[in-house]
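Pasting the structures in now, so scroll down.
One chain, subunit A, appears in both complexes that follow, with subunit B as partner in the first and subunit C in the second.
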Partner chain A sequence: MNPFQYARPATVAEAVALLEEHGPDARLLAGGTDLVIELRNHWVEPKLVIDLKHIPELAPAITQRKGFLSISAGTVMTDIAEDERVQHHLPALVEAAVVVGSVQIRARATMAGNICNGSPAADTAPPLLVYDAVVVVAGPAGTRRVAVNDFIVGPGKTDLQRGELVTAIELPIPDRPYGAAYTRLTRRRGTDLASITLCAGVDAAGAARIAFGSVGPRAFLVEDESGLLGDPGIRIEDKVEPLDKMFELASPSLKSLRASPDYRLAMLRVLGARALETALGRLTKELVG
Partner chain B sequence: MSAQSVGSSPRRGGGYGRVTGHQEYLADIKLPDMLHVKLVTLDVARARINSIDVSEAESLPGVAFVMTAADLPDPMPRFGPQFQDRPVIADGETKYHGEPVAAVAAETKDAAEEGARRVKVDYEKLEGGIFNVTDALAPDAVLVQDPSLRGDSPFAQTNVIDEKRFGWGDIEAQESDLVVEDNFQFPMVTHFAIEPHGFMAAPTGDGIEIWSTIQHPYLLQKIMAKMLQLPLSKVRVHAPDPGGGFGGKQIPKFEPLVAFMALRAGRPVRLVLTLDETFQQVRRSSAEIRIRAGFTSEGALTFMDVETNFLVGAYVDIADRVVSKSSYAAAGPYRIPAVKIIGRTIVSHTTPSTAFRGFGIPQIGWARESLIDEAALQLGMDRLEIRLLNLARYKEAFIPMEEADGDWEQTVRTAAKRIGWGDPLPPNRGRGIAVGLKSGPTTGLSYSTVRLLYDGSAMVYAGTSDMGQGARTIFAQIASDELGVPVEQISVVMGDTAVVPYDQQTSASRSSVLMGTAVQRACFDIQGKVRAMAAELYGVDEAAIKIDSGNLLLPDRDVAIVDAMQQALAPLGGEVIGNGEMRKQKDPNHPLGGTAAFFEFNCTASEVEVDMETGHVTLVKHVTVGDVGRSLNPQQVTAQDDGAAIQGLGHTLMEHYIFDDEGRIRNIGAIDYRILTSMDLPLEMHSESIENADGPGPYGIKGVSEGSLLVTAPAVAAAVREATGVLIRDLPLTPQRVWEALQEAKDGS
Partner chain C sequence: MNETLTIRTTINGRKRTIDVAVNHTLLDVLRDDIDLTGTKECCVVGECGACTVIVDGRPMNSCLMLAVEIDGKEVTTVEGLELDGELSALQAAFLDESAAQCGFCIPGQLMSATALLAENPDPSVEEVQEGLAGNLCRCAGYEQITKAVLAAAKGVPR
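Coming up: the complex of A and B.
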């Protein structure tokens, strides 16, 4: 890799100042599971790498606040997957966190990094969308909160402006019985990049939504307008049409090595139906339990 | 003799170092004053090199020099095990994606990499690149190799290196009730050894020292001596235990390049490839197989007609031998009145293929076993029964000059029982069974020296490469039993041509049988010497002394060999040295140059469950049974079979090179070339051995380590076919491919 300057700020304010000064010449280092590979392959050649791991405000922490869980930017996938509060309230996020990379990667990779990297195949994007996550952004003008759906823009692109960085991700704890499930399509069971990432969420009122990624420039969140998908009384075979409608935004790449467009489109339906069934099952369990 | 160590599984020699990180792999060896090398390659398969500008690269701090074809002798030195066709570095034209055109030597790895990026190559992409069999055989095809390199070959003006024809009987004269025919394809796959290839060279004043991850150090020594016009005694090859080989490290690759660079620099140089770079340098040959067979209505084979086109790559390497050896056994272990076999070695503008575990058999076995299933289906026969009916019985000649060297029926029945053949199946499940056969070594030459030291410990010298198969342990076990020395007190010395006597090669599952015999004979030599010493010491007639389990049996008592040696050598001490040799001569009358020393015979049976919506195949149970003669070290034999099975499941389910239209490999590296992980293993896996002590090696062993991947693909594909009703003729059986086949079947019905 090319030589670069290395900075280790002690506060978010220092990091923001460095980012503002260096703009695109600077890259942030949290877990480093994306950055180090990019450096090694010369995909990025920053002049400055800003290490965020010594900023106490970003230190790994999952904090329960009134009505939501706040996950600091330094929190790694393993911590999220093992947290009992996350397991209880946000099972679909756990299902996504435990399939990111490998055991070693999950011990280093942060969820904030997963979102900031801007990969259309980011595993945590669909559950964050379904759970209405809010991204907390610090910048020269102070702190702002952005809905994750607005934060994710396109491949490698986020809503972050010059001088800004993510300090935390806030996840509302569902205020009503809620069922959600995450699933993905891969070429093998072990470590793999997903050809489809998909999360379905339903509530007792029959409101259903599906977020899906890896089949377009970004992960999309789509609300069911038919009212049929969230109805546990309707058999899944009779939901084909509204389900298909959910995936109209899908535009899988023709050039991908991982799966053909036809296969991806067909699998969206299969995975969508399966995730929906699981989500409905979880909702029923919550209602009964 | 009653063995003690043989048949047990003592702690693996070198195992502790491997699992704790203490083993010194080639990349761990640091030579003083060493330069690092990085290769310069082009993002294209076939290109003409107009000029190479090294000035900017050479002006970088830390860069010593850049080597190109212009810096090498003219004409370009070429080498290879069968044909001298591989240039030291690309000479005027690149013939595959990743063929180096220059090499940068620098004080650090980073500087070498930066230098490699700054080398400016003026090249033009050439049209007409040959990336598949059809293009290679087209009448107007570009010739991959310069005809002047092809000598007097009748195929010199084509892309065919050679055409092998084997067979017996007249296939046209056979009467058949059923004739089945089909075409199958086998993809390009790579070895994926965890340790990438590495090469180092250092000038010694009057010669050269080479370090390599090579499996065949003595072949490398021979090639380097010839190329540098040095006596063998001045070329010293160090071959540290490789971290996996699978055949991909048999044949020299960039050793000549680093040697020329070291001589130019007057300093040691080293090149360690990245995993990604190994993808471009070694692979298994792909193949297109057309196969036809006749059967009686009872299911007896009447004839078989197999034609295989192997697409071997830009340089022949050992691939032509892969073609001949696998084609020779193409008809498998069956009793067939008439057989016609054609195998073609076809060059292309792709990574040169080389030896790979199974040596061509997985490609042909895939087609043959799939076709036999089709015949069984059409005849309404059970797929196990049709195999048992046609299987050659013990000692029966099934190829002229070759007879069945094991009770193969026992192997097949054991596998069938283990998989639960015939038991009812749940929905979406299926089972498959297949048999495979691979010829062992046809020639061989191994020497071993064993030293019984005064304190009762011993040293074994063996030129085998232990790349994970466990040869160190096996040789220690043999010496332990023959000399009565505990395994822990035996050191096995390998990997240095200046210290260890000659061995032809580590390949074809030969080492336990051939080098094992040499080690055993070296121990016999010591036994004889100690017997003579004991006869004098105890005043006994030499002929009256028998030897058993490391003891001399005197008329009135038993004395340990070690005790007799110590008494005889006192008070000066010293040691007793034994030499052993195992030679399997060439047979000029045999089509392969010699009969097989043994056959690796394997029956693989698999049960799968298919997700009918996604095409995902779950391996519910996978069984392999091999006829190993005797399991010299049961733990290692099982591990070899498990490993081979898992590697076979790779090319069966997920491994394959993906090319673009210009012959570039698109899925280089571990991200988009998938191999099995522990999560992808069969839910249940069994590797079993048939042991009738009927092999040619010490204590009746045969070679092992390739059997379990010979017919993985047809066994699994047959199970998928039973579960889904669809026949797939291309590998691997990725979820997408299975799903597409299911869709086609749905649309067709």
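Coming up: the complex of A and C.
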């Protein structure tokens, strides 16, 4: 890889100052599972790499606050998958975290990096959308909070402005019985990027939503307007039409080698039905306690 | 000219202070700077697992880490598995089960399996398969590798 300068800020303010000064010439290093590949392949050639792992505020931590879990930017997939509070309150996020890459990748890859990298196939994007996650952003003007749906913009693009970095992701703990499930389509089980990522969420009032990725420029969150999808009394066979409607935004690329557009669209419906059934099952289990 | 940084680290139980180029990976430094060539370079994109080492108890792809990132951390490579010239139980099981064919992936397989057994001393077949899913074997010797890990877990006498 090309030579670069290496900086190790000790505070978020120092990191922000470096980012503001160097702009696009600087890249942030969190888990490095994307960045190191990009550096080696000369896809990015920064003059400065800013290592975030010496900032105590960003060190791996999952903190329970009033009504939400705060996951620091340095928290890796393994930490998330192993946390009992996340397992209990946000099972779909665990399902996404445990299928990222391999054991080795999950020990390094951060969830904040997963979102900031801006891949349309990011595994954690759909559950973060379904759970209404909020991204905490630090920058020259201070701290701001952005709904993850507004944070994700397009391939490789986020709402981050010059000088800004993500310090944490906050996940509201559902304040009512809630069922959610994540599923994905891959060519093989280990170490593969997803051809479809999908998360479904339902509550007892019948509100249903599905977030899905890898079939367009970004992961989309869609609310069910029919009122049918979240109804446990209606058979899944009778939900085909409203389910199809959920995927109108899907526009899989012809260029992707992982799966053809037709295959992805066909499987989107299958995975959607599957995740919805699992989510409804989890909701029922919560309701009957 | 590459910028360098002095780091303090423990590799296979031995404390070391080394100067590393900031744009070199841990894999580069292990193999080229300190002659620990047991760790293999293969895909260099984190897909094959041949370069797996254990850092602070967790298996990681050394090709995806900058060497400066092991500052203050403990690293175990395949050279660190034997103790006083004796193979670890896992290494012995790999030999007994003929788990190595060409052998190139084996250091990585051993490191992932070592980390797995440290965390889960009695894994199921599925747990072994998941634990080693990030380690590819192009000879496709997965059956023997899985058997060896299970044998080591059960402490099968030699």
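Couple of notes before you dig in:
As a working rule, the second predicted complex is superposed on the first by the 289 of 289 C-alpha atoms of A that agree within 3 Å, B and C clash if a C-alpha of one lies under 4 Å from a C-alpha of the other, contacts with A are read in each partner's own complex, and residues count from 1 in each chain.
Methods note: a residue touches a chain if its C-beta (ideal position, glycine included) is under 8 Å from a C-beta of that chain, and two chains touch if they have at least 3 such contacts.
Every value quoted in this text rests on a predicted model; they were computed, and no experiment measured them.
When the shared chain is aligned, no partner comes close enough to touch A:239: not subunit B, not subunit C.
After overlaying the two complexes on the shared chain, residue contacts for A:108 are found with subunit C alone; subunit B is out of touch. In the superposition on chain A, A:209 contacts neither subunit B nor subunit C.
Look at A:270: by the touch rule set out above, it reaches subunit B but stays clear of subunit C.
Of the two partner chains, subunit B is the only one touched by A:193; subunit C is not. Contacts of A:1 after superposition: both subunit B and subunit C are touched. Between subunit B and subunit C, the partner in contact with more residues of subunit A is C. In the superposition on chain A, no contact is made by A:184 with either subunit B or subunit C. Residue contacts after overlaying the shared chain place A:257 against subunit B, while subunit C stays out of touching range.
Legend: residue contacts after superposition of the two complexes on their common chain; A:39 is shown touching subunit C, with no touch to subunit B. Comparing the two complexes, residues 1-2, 189-191 of subunit A contact subunit B in one case and subunit C in the other. Across the interface of their complex, subunit C is touched by residues 1-6, 29, 32-33, 36-37, 39-40, 49, 51, 53, 78, 101-105, 107-108, 189-191 of subunit A. Residues of subunit B that touch subunit A in their complex: 110, 114, 117, 613-614, 653-654, 658, 666-667, 671-672, 674, 676-680, 734-736, 739-740, 743. If you check the complex, the residues on subunit A that touch subunit B are 1-2, 42, 185, 187-193, 257-260, 263, 266-267, 270. Chain contact summary for the complex, subunit C toward subunit A: residues 1-3, 5, 22-23, 25, 44-47, 49, 52, 58-61, 63-66, 68-69, 112, 115-116, 130-131, 133-136.
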